[in-house]
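Please read the structure below before turning to the comments.
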Amino acid sequence: NDSSIEKKDSVGIVNGLAWTEVGGETLSVEVNIMDGTGKLELTGNLGDVMKESAKAGYSFIRSNSYKFGIKSDFYKNYDLHIHIPEGAIPKDGPSAGITMATAMISALTGKPVKHDVAMTGEITLRGKVLPIGGLKEKTLAALRIGIKKVIIPFENKADYEELPDIVKNNIEFIFAKNMVDVLENALTKPFKPSLPVKKSGNNLLPLDNELYIKNDISNVTIAKL
Amino acid sequence: NDSSIEKKDSVGIVNGLAWTEVGGETLSVEVNIMDGTGKLELTGNLGDVMKESAKAGYSFIRSNSYKFGIKSDFYKNYDLHIHIPEGAIPKDGPSAGITMATAMISALTGKPVKHDVAMTGEITLRGKVLPIGGLKEKTLAALRIGIKKVIIPFENKADYEELPDIVKNNIEFIFAKNMVDVLENALTKPFKPSLPVKKSGNNLLPLDNELYIKNDISNVTIAKL
Amino acid sequence: NDSSIEKKDSVGIVNGLAWTEVGGETLSVEVNIMDGTGKLELTGNLGDVMKESAKAGYSFIRSNSYKFGIKSDFYKNYDLHIHIPEGAIPKDGPSAGITMATAMISALTGKPVKHDVAMTGEITLRGKVLPIGGLKEKTLAALRIGIKKVIIPFENKADYEELPDIVKNNIEFIFAKNMVDVLENALTKPFKPSLPVKKSGNNLLPLDNELYIKNDISNVTIAKL
Amino acid sequence: NDSSIEKKDSVGIVNGLAWTEVGGETLSVEVNIMDGTGKLELTGNLGDVMKESAKAGYSFIRSNSYKFGIKSDFYKNYDLHIHIPEGAIPKDGPSAGITMATAMISALTGKPVKHDVAMTGEITLRGKVLPIGGLKEKTLAALRIGIKKVIIPFENKADYEELPDIVKNNIEFIFAKNMVDVLENALTKPFKPSLPVKKSGNNLLPLDNELYIKNDISNVTIAKL
Amino acid sequence: NDSSIEKKDSVGIVNGLAWTEVGGETLSVEVNIMDGTGKLELTGNLGDVMKESAKAGYSFIRSNSYKFGIKSDFYKNYDLHIHIPEGAIPKDGPSAGITMATAMISALTGKPVKHDVAMTGEITLRGKVLPIGGLKEKTLAALRIGIKKVIIPFENKADYEELPDIVKNNIEFIFAKNMVDVLENALTKPFKPSLPVKKSGNNLLPLDNELYIKNDISNVTIAKL
Amino acid sequence: NDSSIEKKDSVGIVNGLAWTEVGGETLSVEVNIMDGTGKLELTGNLGDVMKESAKAGYSFIRSNSYKFGIKSDFYKNYDLHIHIPEGAIPKDGPSAGITMATAMISALTGKPVKHDVAMTGEITLRGKVLPIGGLKEKTLAALRIGIKKVIIPFENKADYEELPDIVKNNIEFIFAKNMVDVLENALTKPFKPSLPVKKSGNNLLPLDNELYIKNDISNVTIAKL
């Protein structure tokens, strides 16, 4: 069922790969952003683990918004709605984590996502990409709907080696260690932060929103984005 | 049981088609709008998937209110109540998505909906219409209560070909790809936006309600409505 | 068990007819209104469908308050408590819809309800009266406690024809299509709206509480009440 | 188990009679009032029906506070806690309704309740007393702990006739139709309202707290209390 | 398992006695007080009855704070956290009521609790101590961990008589009728209220926090504490 | 599965040891801190006992923030998100208590945690470390992923003696009685409080945030941190 494949690059819409009772499956993650009060709406027949995965990605973005040029107070002045269509199909598990995070970042920055890219991977609070299962079934589904590039966790490299030739010959694979790897390959334009970045000082608890900016700035290369 | 068919075009009331344990069924979606604080009330013995479908339509409208001439802050100054009568009958599934969205838009704009039109289709956050099941049973039910035109998802065209002649000869079919197709065929009057539409600038995160206006304005033809 | 029958016309108390596991049953719907913040309390061992039915009636009243002479901001400055005594008996289903709506309107306007009238019927968001089941058992119960007039849905007319003679000979029947029919027969005094009614203009989204006033004013005859 | 019987008249503590799996049982309803924000706390292993019964009594008091000399805004400036000790024993049913209402009124007015009086009866939103079951077992339990007077619903008079002689000879019975009957027999002092009572005017929706004062003032004799 | 026994008198930590599936058990109730907004946090794998017991004790303290020298608005400017360690073990029942109340009072007043005292007893809203079960198993557990004094409900005196000699010879027993008895034996220092106590006047509903001070001041001897 | 092991010392990330259905397991606790309103988000497929354990640690930190140089109002101006990756695996039990508390303190103070240290232990509200089960399986898992030092509860010393030689020879063990022991061994830098510490006076209830500072300051040696 190919109904959810976009014909062109869109803002806030990302192709995901899922593994359901009926085998490998593609899904389309949609994110809309609206004036609001900071509500995070999650719909599309999502299980608890998938909802928690969305929240992990949301906190990752809140903690790193300045790196993406997103205003740090977005979480309280806008509502985000993450929806995964085909509401009749129950969906669960952590493997749509990077897909939902990418859709949120695209919607918040206005940068389109390549329509022929799909991805699968669990996300951590710090943006690491963790391995997933069912890679063969997922990539076969991606092949069927014309996906050209698939982003998978770096730690699934061994599973990649076992993929059928028809998949490896027709799809380009990206092995992602973290969300920077994912975004570089999924977005149509590179980031150029438009907001000044404050470095952490020596004080233990800085005022305002300096706290989370300081948190792990030591191991971030802003220019890389 | 034909009890819920309106005799004339009404604001905020739309005929839907459902597929229940007892076969094809018509239902009537009612929307009332009241001064309030932005509450979305959903009643009528609706399952979780149907409630999520209503929320997807609600966010679609919030994200695109300027296209319909709806004040962008409606979501916080009015309460919306979506009710589907015949409370004794449990209802679920995503296929009333476009029906509920049409009823909300009708109520918010004051434009009546044609009383002899019925519809069925899942809605996405961006207003795409996704395919549904049970088309034969649904359209037979529509025929019984005197529906003249049925709006179905474009991707159900193959199911349409298999419909019995009595249905195809007595009902006009519309194949909808998105909510614009739906509204053009269901509302009694075309839209003429009364509010100025702001185009997105170059800034990453515009102030006020520019954010969601900007989101996918690239692929919207305002004049079309 | 006749314990809940009032001896005289009261404000906010209406006789309903229910159909339970032990057969036809009368019940008494009580509504109290209190200074408050807009809370709707529902008690008396009510199932979810019955609670949703109360909410549909509540929204019907909010959307049409000006027609009944009720201040449009009642929903935020008063708490309403709907209670159905005999808490040991579980109650459910949509057929107390018009009973609860009548009790609320009586309490909000101060107009008493005739103590020898009973009623049964589902209510829609627009005040339509939908058919119900178990008419024979319900009306036999009404007869036992001395009810003189019973209001039933217009669409139950066929069921009425099948009622036993003892019921038809001793009870006057009213066939109601909508809440106007119900109120004309249940309240002791006609309505005379005390608040100015604003007609809708040409603007799409009027300010303040004009929105819902405008909604379906076209098919309302104010003078009729 | 007699542990919860008070030795002298107390404010906010009332003896109730319950019927549990192990037969007739006495229980002690405690009410504390505290500065607060209008919270109603219900503890003591109470089932849903018993909790709803407490809420019905609470709304009865809110709607009639002026008759008892209780400031009409008590419901938003004080927290009420209703607790029924012996938390290990599950309690349910509507028959503690008048007991909880009496304890609340005692606590709010500072008037003690007679320590040798017990009571059982369902309460309605308007203060009517509805019949209950298990009268024999309940009154035998009352006898065991030294209760001198028991207040029961007027409609349980037939059950009273069947009580064993030992109960009828040792306990005085009061047959209550409404809460006025209950309070006259349970409280140690009569009421003298300290607040001016406003009569309802002709306007449909009075300002401020006149609304509920007006509600059924027609059938209340203030001087009776 | 003796892991939770303190070596010296602490503020806000009290030894309790419980009766679980594996027999008599000691537990340690911890209370922390923090700047906050009046939240009562309850953790440690506690069942509903135990949580309600904590709330009864909390309301007892709110209603009597002036007797303990606790500022009457503590309930809205501080958060209380009651935790019972060994989270892997489910705990329930009302018998930790006086233990949790003592820990709260200790934490709120800064008075330490004797580390070699343990206690068990249900608490009522008015501070009465109600009897409990499993006294033999509980006191044997107390003996094992070196408890020198155990406070039990006065109404468990008959159970005390049946205790084995080894328990009666090595542990001092206190028979408590109410929380005053408990606190006199558990705290290391007597109370000297530091806040002026207002006596109740003749007015029915006093302003501010006089309401609950008035409630049962008649049977309290302040000097006794 | 070694996927969650960090290669260098990080702020807010701590290695924990768990015991699941499939044996000993390492897990990585992540904490992000964000501008917010005091929400504590807990994700990663955590059971109720584990969530309560996180709350106990959170209250421990709130009650002792001044000792760690954390601004005392952090709990209302920042949101904390605790996430434990590998969302597909259900996690429960109290033994990650000290791990989550250490991760929170690291994130709030900006002090990194040693990447080759792992820990297991229940935490109390006062920062005591309670014993846990499954030590052998947990430490074998730690060995597999290259952990050099493991912090365990002091009361698990007997279990330590029974560990296989390969574990004892390759891992350094720390026996912790309280969170001070844990932090001294897990953090890369010692604490130097940057905020003035107020000593408690003689008044029973000090103003502002003096209350919890006073609580158990008697047995804390600030200079020790």
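As written, the chains take the letters A, B, C, D, E and F, and residue 1 is the first residue of each chain.
By definition in this document, contacts are C-beta pairs under 8 Å (C-beta built on N, C-alpha and C of every residue); 3 or more make two chains touch, one makes a residue touch a chain.
Model, not experiment: these values are computed from the prediction.
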When each step joins two chains that touch, the fewest steps from subunit B to subunit D total 2
The chain whose C-alpha centroid lies farthest from that of subunit B is chain E
Across the interface between the identical copies subunit E and subunit F, with over half of residue numbers shared counting as same and under half as different, the residues used are different
Chain-centre distance (mean CA atoms) for subunit C and subunit D, in whole Å, is 29
Taking each chain's mean CA coordinate, subunit B and subunit F are separated, in whole Å, by 51
Residues of subunit F that touch at least two other chains are none
Ring membership in sequence, subunit E leading and subunit F after it, reads E, F, A, B, C, D
Contacts from subunit F onto subunit A in the complex sit at residues 1, 3-4, 8, 10-13, 28, 30-36, 41, 43-45, 69-71, 74, 78-79, 81, 83, 85-88, 107-110, 194
Subunit E partner, complex, touching residues on subunit F are 48-49, 52-53, 55-56, 59-60, 62-63, 72-73, 75, 93-94, 97, 122, 124-126, 128, 130-131, 155, 200, 203-205, 208-209, 211-212, 214-216, 219
